[in-house]
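Next come two complexes, and both contain subunit A; in the first it sits with subunit B, in the second with subunit C.
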Partner chain A sequence: MIIQDWLAQVSTYAGSIDDLFALIGVLVGFWFIVSEGVFFWLLYRFRAKDGVKAEYITGEEKHQKRWVSWPHYLVLICDIFIIYGAVTVWYDIKQDLPSPDATIRVIGQQWAWSFVQPGADGELGTADDIATVDELYVESGKLYHYQLEARDVMHDFSVPVFRLKQDAIPGRVITGWFEPTTPGSYDIQCAEICGIGHGVMAGTVIVQTPEEHKAWMMANTPQVRDSISIAANTAR
Partner chain B sequence: MAVSVGSEPTAHEDHHHEQSFWSKYVFSTDHKVIAMQYMATGVVMGLIAGFFAYAFRMQLAFPGMDVPGFGIVTPADYVSLVTNHGSIMVFWVAMPVLLAAYGNYLIPLMCGCDDMVFPKINRLSYQVFLLSAIVLVASFFVPGGGFGGAWTAYPPLSAKAEYNLTPLGSSLWVLAVALEFVAFLLGGINFITTAMNSRAPGMKMYDIPVVIWMLLIASILFMLSVGPLIAAAIMLLFDQNLGTAFYDPNRGGDPVLWQHLFWFFGHPEVYVVLLPTIGLTADIISVFSRKKLFAYRTILYTAFGTGILSFFVWAHHQFISGIDPRMAHIFTVTTLLISIPIAEMMFVYIATLYGGSIRFTTPMLWALAFIGEFLIGGVTGIFLGASGADIYLHDTYFVLAHFHYTFFPITIIGFYGGITYWFPKMFGKMMNETLGKIHFWGTIIPFNFIFIPLFFLGMAGQHRRIYNFEHFPELATPGLQNIRVFATTALLIMLSFQLVFFYNFITSLRKGKKAGKNPWKANTLEWTTESPPPHGNWPPSELPSVYRPPYEYSHPDREEDYWPQNVPN
Partner chain C sequence: MALASSLGSSSVAADDNARGEQLYELCVQCHGENGEGDSMALAPAISGFGQWYIATQLRKFRDGGRGRHFDDIAGMRMRPMALSLRSEEDVDAVSAYAASLPDVLPEPTLEGGDPAKGQAGYAACSGCHGADGYGNEMVGAPSLHTSDWYFVKQMHNYKAGVRGTNPKDAVGAVMVGMATIVPNDQALMDLLAYLRTQQK
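Then we have the complex of A and B:
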């Protein structure tokens, strides 16, 4: 009944979303069980019996109205807890962006994901940027900002294990953040319908340990990569 | 008594003459015939949308299979089926059946007048509606096929053929939706005027049955919210066909504008379809528990409260669509606030059962099922209104399961509840109770087995509108696939039980027991005339007057356990 039973948590904020879900689950679950319980009990208790006439209750008097007004104040109190939880989680994830260790670009188009990350200089938009398609290589324990763009129609960059989701809007650059925790390969889904290829707009995020990531960076930084392939060619 | 407005007298002079088939059934201005036309059209559209659900659920359970009756579901077919399933269910089933059919049938009969105030506008409303349905169905057969950009039709996808690959289909879709709105604007004028001006003598505001109030509030909500969307739809048509750039960011437009206009309408729209079913549920539970409705006025106030609040929650559909993150807080608060009047309404209904003498007839089972199931839709909505949780849940199957737990009770349960309750009035015959109950259980049990599993798929991260999950390793596991097969199997069972309903409907129509005027011993005015009511509803000299509120059941001063509104004492 909780999200982490269905899907691993692989970002620093995944836990707070799952906890919020669980909190709401407990509060509304309580109301749900009580309401359905009372409902079925009344159905059983007041089923038609021969010779028993129904009562005449208007429900307009104070002592009667309390039966619905008290529960409704209690619902209000639950709502306040839920609002508090929702607002804090939202604030931490979407509004207050912590300062990044690295910034990457994420670009959605019909029907592929492209990613650009800075090379050794740590700056985007320089010659050593590393571009990849449908595969995003990131380092665990490093805080990333993403700058999300769309080339044609709306897409949505969703990494379920991170609990990350953000629409990509043509004409805008939307910035958000995430910090991966556990190394592994995970799904990227496009979560906004984007045409007939929407169902194949899959990607993979590969979370690496710092060492793995360093090696990957080395091997894929453009000049380095070129020199490796030159070396390979001359060797042949 | 009806006020005489414009065409009124002419419309009624001819009810003594023999009418030809055409003027009686096709070009009729009788509100009851128009109601039937709306209902029949809605049911046919419902069968189409149900068939679409069958086709795409088969594809999800058995990817790539040759679906019997449909064939291979290609990715383009899939998005088009989903889009049109959703559009039809909302605009061509829920709206015509709940609002137009029940509204047309019940408003004059329960208000005790002989017809709608503007019968010809009423007829025009149905004709425009039928045209809209024809345009939509035609869009499936044009080159390129039907529109596949989701029922929410977000641009730029919906605005450019090079993106959606359905040059004609998408324009016809927008056109059909716009026509449908025109039809309901025409209908709404009639509903509001009739219920406000043509009530029986003596029927004061608080003597109006809840279902009529709800139809009225629903019409008002619709008319207030639809304006912006009609403007939006016209801009979309222009972007599609005239090369304007209202939604094109490369030429100064803004695609998110559409989302605001769409959801400014879209959320109140949820209440437009919800309120009629809320209303008929109230009437049904009161009759079959032989109880006065608990706190009638509270029900009205909660409905007004919900209606007003519903204009301030729309951006909860757009939390992650790039709106200013601070806005999310405001919409979280309004969304959670709206849970309060709705919860209160449910509490009031449950409280009505207390002290009752409850009879589990088929219509009562449907009304009770509405309460029991809608509660699930209500509580799961809280997860989605909470901005922080919606980051994860948005556009997953959790959302899908949530809104089917609202829409299915509203549309399907509401339809069956209403039809089984008013069938005796509409056709003068009783329906078969045994078949009715078989159909009830055969629908309700599989319904839960379809949609409960989808909540879990959503929690597992499965998103909507994807034709096949094999490209996503986390979703392509055998465990999750089994859940999909399970849900689809439940759907097949549920669909097959619908045959019982149609069989019952037809045989009861032909051979059912005679119903008489008031088989359920109910209080409201429609039960004081013949079943089915004649043209003009009552003989002109016998139009009813009203002496009391509608829910005086089991009154201590009375021998009998009901007290019709029209009985002087």
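Then we have the complex of A and C:
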């Protein structure tokens, strides 16, 4: 709805987060406007008048209490919708872990994001892993698991266009997932105050088409890269 | 322009350089009031460097030539600090201020070197870093009378390819080769012991 006009949706679940925001915004917004309306109407209706003494209302009588209880019941009904929406979205994004096409490591430290992704063999922790700082290269349409770590203090891996935000806690490896949709370059930020450089702890996620990503992998996988330069040297 | 070029020269006195002094308030957090460094913050002494070296390194941190390697924990702390300087003029001003600080020799923290062996080993370095280790602007080689733990750390960094391997750091690349000719940590201690005999 309105949210994506301000901030693109670039993950498969960005839409459901925005829908949840919209649901909460509309329901809460509706009651906000209605209650403010009633409030100001009452202020006006019972404004100070000559010869009329202000009345002290204890709110014990039924016809007075219903100004509180009826809206209360209506709001509770709205809550059911909100809770249902929130739990569904929370389950899909944070509790459920769909099986991945690739797994990457995301590491926060004072004050940079760094990333490790598997090279051609598709396995993390091998010699052809690709390590990058500041820039994360991913492929659109591929489901990623991230293993989030912090090297020093707490950080928070936040990618607004993915609608992804996850605390990184020293000593823990937190697994989550995302699936980027639209190629482009987008901001990564740190959303947990982590020291003097927190405000400039930015990074970029580059979502590539499968072809672009393949070319990037070829050019950056350590063994492949080295054999290319060996080939270049022997040719000379 | 006149301002920029006058700030660019290392002859700017501290009192003319209000902008530099103001910017240096950020640096104090880690490098200390007098640029004496703080090993807890992994930040070396910077008071003994010429303005040219400080400015060069700040620019390297800014454009990613330094502080962007996966294993460069300390460099990743410094890079955002350099990035937070808004303009080239600010880089020059803060460097001029840092360079104008009194050159206090950092306290030794490492011991066990043999100055005689160090002198022999230092023959390979003196061509660039000067006979007394105070550096040579012409070849871009800084003074080596900096924090001793930092000296060791940087030699390890060069050896491991953490520093001097970025394509944007062509000057730093010369040190990658130099670091490999120092055989081990004992040889580094010897170099430090010798350098101490040259301190003024």
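As a working rule, the second predicted complex is superposed on the first by the 219 of 236 C-alpha atoms of A that agree within 3 Å, B and C clash if a C-alpha of one lies under 4 Å from a C-alpha of the other, contacts with A are read in each partner's own complex, and residues count from 1 in each chain.
One rule holds for everything that comes next: a contact is a pair of C-beta atoms (placed from the backbone, for glycine too) under 8 Å apart; a residue touches a chain by one contact, two chains touch by 3 or more.
This structure is a prediction, so every number in the text was calculated from the model and none was measured.
> Will subunit C clash with subunit B on subunit A after the two structures are superposed, or do they fit?
Overlaying the two complexes on subunit A (C-alpha atoms) leaves subunit C and subunit B fitting together cleanly.
> With subunit A's C-alpha centre as vertex, what's the angle to subunit B and subunit C, nearest 10 degrees?
90
> With both complexes overlaid on chain A, does A:Gln166 touch subunit B (first), subunit C (second), both or neither?
Once the two structures are laid over each other on A, A:Gln166 reaches subunit B alone.
> After lining up the shared chain so the two structures overlap, which partner does A:Leu136 touch, if you call subunit B first and subunit C second: first, second, both or neither?
neither
> Is subunit A touched at more residues by subunit B or by subunit C?
B
> Identify the partner contact of A:Val207: answer first if only subunit B is touched, second if only subunit C is, both if each is, neither if none is.
The answer is neither, since A:Val207 touches no partner chain.
> Just to be sure I read the superposition right, which of the two partners does A:Val106 touch: subunit B = first, subunit C = second, or both, or neither?
neither
> Return first, second, both or neither, reflecting whether A:Lys94 touches subunit B, subunit C, both chains, or no partner chain.
The first partner, subunit B, only.
> Using the superposition on chain A described above, determine whether A:Gly85 touches subunit B (first), subunit C (second), both, or neither.
first
> Is A:Arg47 contacted by the first partner subunit B, the second partner subunit C, both or neither?
Touch status of A:Arg47: first partner only.
> What is the contact status of A:Met154 with respect to subunit B (first) and subunit C (second): first, second, both, or neither?
first
> Once the structures are superposed on A, label A:Ile196 by its partner contacts, choosing first (subunit B), second (subunit C), both or neither.
Once the two structures are laid over each other on A, A:Ile196 reaches both partners.
> In whole Å, how close do subunit B and subunit C get at the C-alpha level once superposed?
It is 5 Å, taken between the nearest C-alpha atoms.
> If I apply the document's touch criterion, which positions on subunit A are contacted by subunit B in one structure and by subunit C in the other?
In the superposed arrangement, which is not itself an observed complex, subunit A uses residues 110, 196-197, 200 for both subunit B and subunit C.
> Tell me, which parts of subunit C touch subunit A in their complex?
That would be residues 26, 29, 64, 67-70, 72-73, 76-77, 79-81, 83-84 of subunit C.
> Quick check: in the complex, which residue numbers of subunit B touch subunit A?
It is residues 75-76, 78-79, 148-150, 154-157, 163-165, 249-250, 254-256, 289-298, 319-322, 325-326, 328-329, 332-333, 336-337, 339-340, 343-344, 346-348, 350-360, 368, 371-372, 375-376, 379-380, 382-383, 385-389, 391-396, 456, 459-461, 463-468, 471-475, 553-556, 561 of subunit B that touch subunit A.
> What residues of subunit A sit close enough to touch subunit B in their complex?
Against subunit B, subunit A makes touches at 3, 6-7, 16-17, 20-21, 24-25, 27-29, 31-32, 35-36, 38-39, 42-43, 46-49, 52-60, 64-65, 67-68, 71-72, 75-76, 79, 82-83, 85-91, 93-95, 110, 152-154, 156, 158, 160-161, 163-167, 169-172, 174, 185-187, 189-200, 202.
> Contact residues on subunit A for subunit C in the complex?
The touching residues are 109-112, 114, 116, 131-134, 151, 196-197, 200-201.
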